[in-house]
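Starting off with a structure, shown below.
Going by the order they are written in, the chains are A, B and C; count residues from 1 in each one.
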Amino acid sequence: MTGYILKRLLSAIPVLFGITVIVFLIMALIPGDPATAILGSYATPENVEKLNRDLGLDKPLVAQYFIWLGNMLQGDFGQSFALNRPVIDEVLERFNATLILAGTAFVLCSVFGILAGVVSAAKQYGLADKGITFAVLLGISIPSFFLGMMMILIFGVNLRWLPVSGMYAIYGGGDLPDLISHLIMPALALAVVATGVVARLSRSAMLEVLRQDFIRTARAKGVSERGVIWRHALKAAMVSIIPVLGIQAGFVLSGAVYIEMVFQWPGVGRMLVDAILKRDILLVQGGVVFVAACYVLFNILVDVAQSLLDPRIKT
Amino acid sequence: MSAALKLTDLSKTFEVGRTLFGKPKGLVRAVQPVDLTVEQGETLGIVGESGCGKSTLARMLVGLLPVTTGSIEIEGAALDNADPAVFGKRIQYVFQDPISSLNPRKTIRQVMEAPLKNLHGMGKAERDARIREIFDTVSLREEFLERYPHEFSGGQAQRIGIARALAAEARILILDEPVSALDVSVQAQVLNLLARLKEELGLTYLFISHDLAVVEAVSDRVAVLYFGGVVEVGRAEDIFSRPKHPYTKLLADSAPVVGRALRAPEGVDTELPDPLNPPTGCAFRARCPNATERCGREVPKLVEMGEGHRAACFHPVG
Amino acid sequence: MSAFFRLLARNRLALWGGIVLVLVVFLALITPLLPLADPDVTDTANRFLPPFSEGAFLGTDHLGRDLLSRLMWGTRLSLAVGFSAAVAAATIGAAIGIVAGFYGGRTDNVIMRGVDMLMAFPYILLALAIVAALGPGLMNALIAVAAVNVPFFARNIRGITVGIAHKEFVDAARLAGMGNGRIILTEILPNVVPVIVIAMSTTIGWMILETAGLSFLGLGSQPPQADLGSMLGEARSALITNPHTSVVPGVMILVIVMSINLLGDGVRDALDPRLKSGALSRPMPATLVDRRSVPEAGKGDGILALQDLETQFHVKDRVYKAVGGVSLTVHPGECLGIIGESGSGKSVTALSVMSLVASPPGVITGGAVRYKGEDLIGAPYAKLRSLRGDRVAYIFQDPLATLHPLYKVGDQLVEAIGCHHDVSSAEARSRAIDLLKSVRIPNAESRVDSYPHEMSGGMRQRVGIAMALANEPDVIIADEPTTALDVTVQAQILALLDDLRKARGLAIVFITHDFGVVAQLCDRVAVMYAGRIVEEGPTGAVLATPAHPYTKRLIACVPELGEGRRELAAIPGLPPVVDKLPEGCAFAERCHKARNDCRRGNIPLEGPAEEARRVRCLYPENERMAEAVSS
């Protein structure tokens, strides 16, 4: 097992390397002179030149890349111009908030998605199945930002049950109940789409498995129907559900960008959008590389979980 | 008369798995170096159990798999499939699964036209006439031409597969388990059709099967494969009745036969050796009642043991 | 093609989705022709007019622009962008996937590493990076959305292509003289297109959401141009005071995406060939029963007796009579063989005994199955379950598919015991090891912790047999247990089954297509054809002097070892399809002895009173049987 984890970690190195190359290349596409973009069109030529030298932009592209990479490996992601603080500090602080939001939504979508899928498959064509199928369809069709806005309108403004923005109350907040009350609406809004996708896939994976010969064997042995569904079918279906959970983690992380905008959640997504609109390139680069790297590591966890479940994967 | 097919030292090795650095983890020898000759107009049967390398051998013969070592000569010339439009006229293949060997989205006419168009460059009218002729030869109705593969039973689909192979006008056919997907009553129809075509068109067959009785019924000579190597070659009429290699004898004794009492022909319940970790010497020795210490040291070679009968064994039976 | 539309129309939800979508697309197309206000003209005096206001049906936004007009123009734009992005992503992705999947090897490796790299990003990061580089704007948002979706298509289509490229018909095309380019175009592409269509129809809604999302963030369409996302984004600041400005574009997105998804599901289902055969249904715990009457209990002393059992498959409006009235009896310690070709109904008969035929589409429509005199057809599920695996156990054909791939064989044996007996786990485990020993598995103590994929086919089938023996059943039903095995292994397994039967006094029902196997193992044999027994009797007698022409000619078809090269006997024609059975004898069509009366009425299964042989034929091959039938 340790060998397998080690192998997966080693194989992540080229992927991480590739990510930095892709991000770097995309950023190199930016038309015009970055220094001018940063300083604005009224900057003096001397200032522009000095900044270019500071950024290493007078060097060839390859050299620029390795300087950037080398700095990042030492934990130096550069300085944000708009915020005037180190990129890494800002990213870490914001990522923490995103992790709370996206992590909660991920747990919600995994648990409820799989549950709904299994129930739906077990009662195929029954009332529960039809209800779940329709709810799922609605869930995957509604834009999460619109859903969030409607939740604010109903539960925040009209019913006044929950706070409508931010992560903590401005006055007197900061404890766990305060965080939870702020978290409920954004986490739910974020989880809805992913839950729909997971439920849909779990249902079809379960139906696929339930037709397999080994299910008939289980029935021929006299296994109870509950055992057939939860012990035999779900375990086999998890083999195709787990990779989808990995992909859904990426979708939840992506959806968090919208939700953070709607609920004024101080996460990394909102930071990126602001940075793009302000053309704060180093902050965008650093944020994207950092989040993508975390996602790669998360997917290694998914692979490890898969190999624990399925002995046919060679460890 | 020159040989239709001549295999010299032909072998195939597959790489298994890959380490992080792209090196294969292990090598599996699917076919040990094989020397075999098929004469013009002959049917050579090849029998063996699953995993013995018989399909790998067949796919190498039609250029669908590259060879690892050795050479293949087809009617005196080395196998050369650089130009598919020429190669297809020299040798053809009939597949095991008749349905999946037909493209589900093409009509039978489109399937039949492909070799005529690509190999023989025939025009539309010429193709139609030729298809009619071939369908007549294999006793298929012309109305089938506009239908799709899923509308046919296994036996009909296999006739279509044979018709397609005939359309190429190659004189050598590799038949890879052509009847094992079919029921017995239909199997006999297809086998008889193959026998008639061979007679009428002067074809040469390499007939691969796991069914000893079928192979015996259609072949002139038979080669027995075990663990990727030929262990015995002989005339069809006496290879199973007077086997020399203990494995051939085991095969012949294992086939369920009406009127023979049920008993396991092997005292011990053994199976194939591990291909990733092949045994030294004779691959069969762990299951062999006659095995001696020599069998573990040396690999037996095929030696003459009677008229046209060769076996690779130090301690032949009978 | 027309079948596709018929299937699509049958799905009512998809039909509604289609209608709504067509309506929306139609309105979007004719928007420039409609008498609408200019969507971009601001009129701050009339800002935030509520819906149904004079001159502004849906009200106005924060700049006093007509919402209805902006909605229509915005819908037009969103649809166009979403659709273009989907087409672009599908085309590029499919091209990449086909090339990678078809050529394989190094090409595949390089391409797929690149795709993996792109998929290593949460997709929005990539989209944001692209927009950051190219600058905000609708065209750039389209490029970003298309680009992040290319890897999904590429990976999906590559998987399908790899499957198709290894099909035999591709090899056949190569041997028919086709080059790679031609094979891709004429053999691969037509089989991949349905998958591309499905993938596109299920992702197009997603793409519309994504572009709307980027516009919502202010990174897509730029003011004053309206698309649905930017309308929502602009309305957000007035959400609390004037919610209608948010609701209008939001609901529109929901309606569009939902109708696309409904239609997309319909398209997917209509293109999936399995749906036609009903194979997508989940099999129920026990076969459906729909009997009109229950036969009287017979007086036989068999431990298991089938009486006029009828099992059908109901697929759409067709009825396949897989088993058309089968009566059989098995006694303790006896081995009964059921022999027949594929489609003869032998396996369905076996599965019907414990109601294991998959339903839908299977339905038991008549007859009875009596275990120790008690009818099991239609018995309560709890009753069936208590007998399954305990008193009547099964051995199935392909041991790789019939064992659970993710549980150790020992655990599967333990479960088989635990289903019927309350035993401690240590005891169950030692029982499991004993069972493995009893089927002669070497090193049972270590093999008990193996997974099925770590064993050879023969070993797996031994596990299958051990599992059937777990609760010392009275009857074992073996459904072609050696068909997937090599002859040498088959011989070992058959010998094992025979020893077990003799040692334990088991009754075995043995389903096979092989006369050799029947001859060696079975005391009695029943020959099935087109869902009915055509002949039954002691194995030796039936094989030596077959009475039914089908039996006789089928035996003649089987080549036997040691007879040398020869012409084989064959039966012309094909067995009838069981949804269109002819009247009278089902074999008459292929029988050289058939006369007119063979094609009329019901031909009974009968034989001489003093013998245990019966035949369903008016003109049997065997004289004694002929006398009995004619009398």
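In the analysis below, contacts are C-beta pairs under 8 Å (C-beta built on N, C-alpha and C of every residue); 3 or more make two chains touch, one makes a residue touch a chain.
These numbers come from a predicted model, not from an experiment.
The most central chain, judged by C-alpha centres against the centre of all protein C-alpha atoms, is C.
Using CA-based centroids throughout, the chain positioned farthest away from chain A is B.
Chain A and chain C have CA centres that are 33 Å apart. Chain A and chain B have CA centres that are 53 Å apart.
Against chain C, in their complex, chain A makes its touches with residues 14-15, 18-19, 22-23, 26-27, 29-31, 121-122, 124-125, 137-138, 140-143, 145-146, 149-150, 152-153, 157, 206-207, 210-225, 227-228, 232, 235-236, 239, 249-251, 253-255, 257-258, 261-262, 269, 272-273, 275-277, 279, 281, 284, 288, 291-292, 295-296, 299, 309-312. Within the complex formed with chain C, the residues of chain B that make contact are 49-50, 59, 62, 64, 84-85, 87-89, 92-93, 95-97, 100-106, 114-115, 118-119, 153, 155-156, 161, 164, 167-168, 183-189, 191-192, 195, 210-214, 216-220, 236-237, 240-241, 250-266, 269, 271-272.
The residues of chain C lying in touch with chain A in their complex are 113-114, 116-118, 120-126, 128-136, 205, 209, 212-213, 216-219, 229, 232, 236, 239-240, 243, 246-247, 250, 253-254, 257-258, 261-262, 265, 279-283, 285, 354, 356, 358, 381, 385-390, 393-394, 396, 398, 401-407, 415-416, 419-420, 451, 453, 467, 470. Listing the residues of chain C that touch chain B in their complex gives 167-169, 171-179, 182, 186-187, 190-191, 341-342, 440, 442, 456-459, 486-492, 494-496, 498, 513-517, 519-521, 543, 553-554, 557-572, 574.
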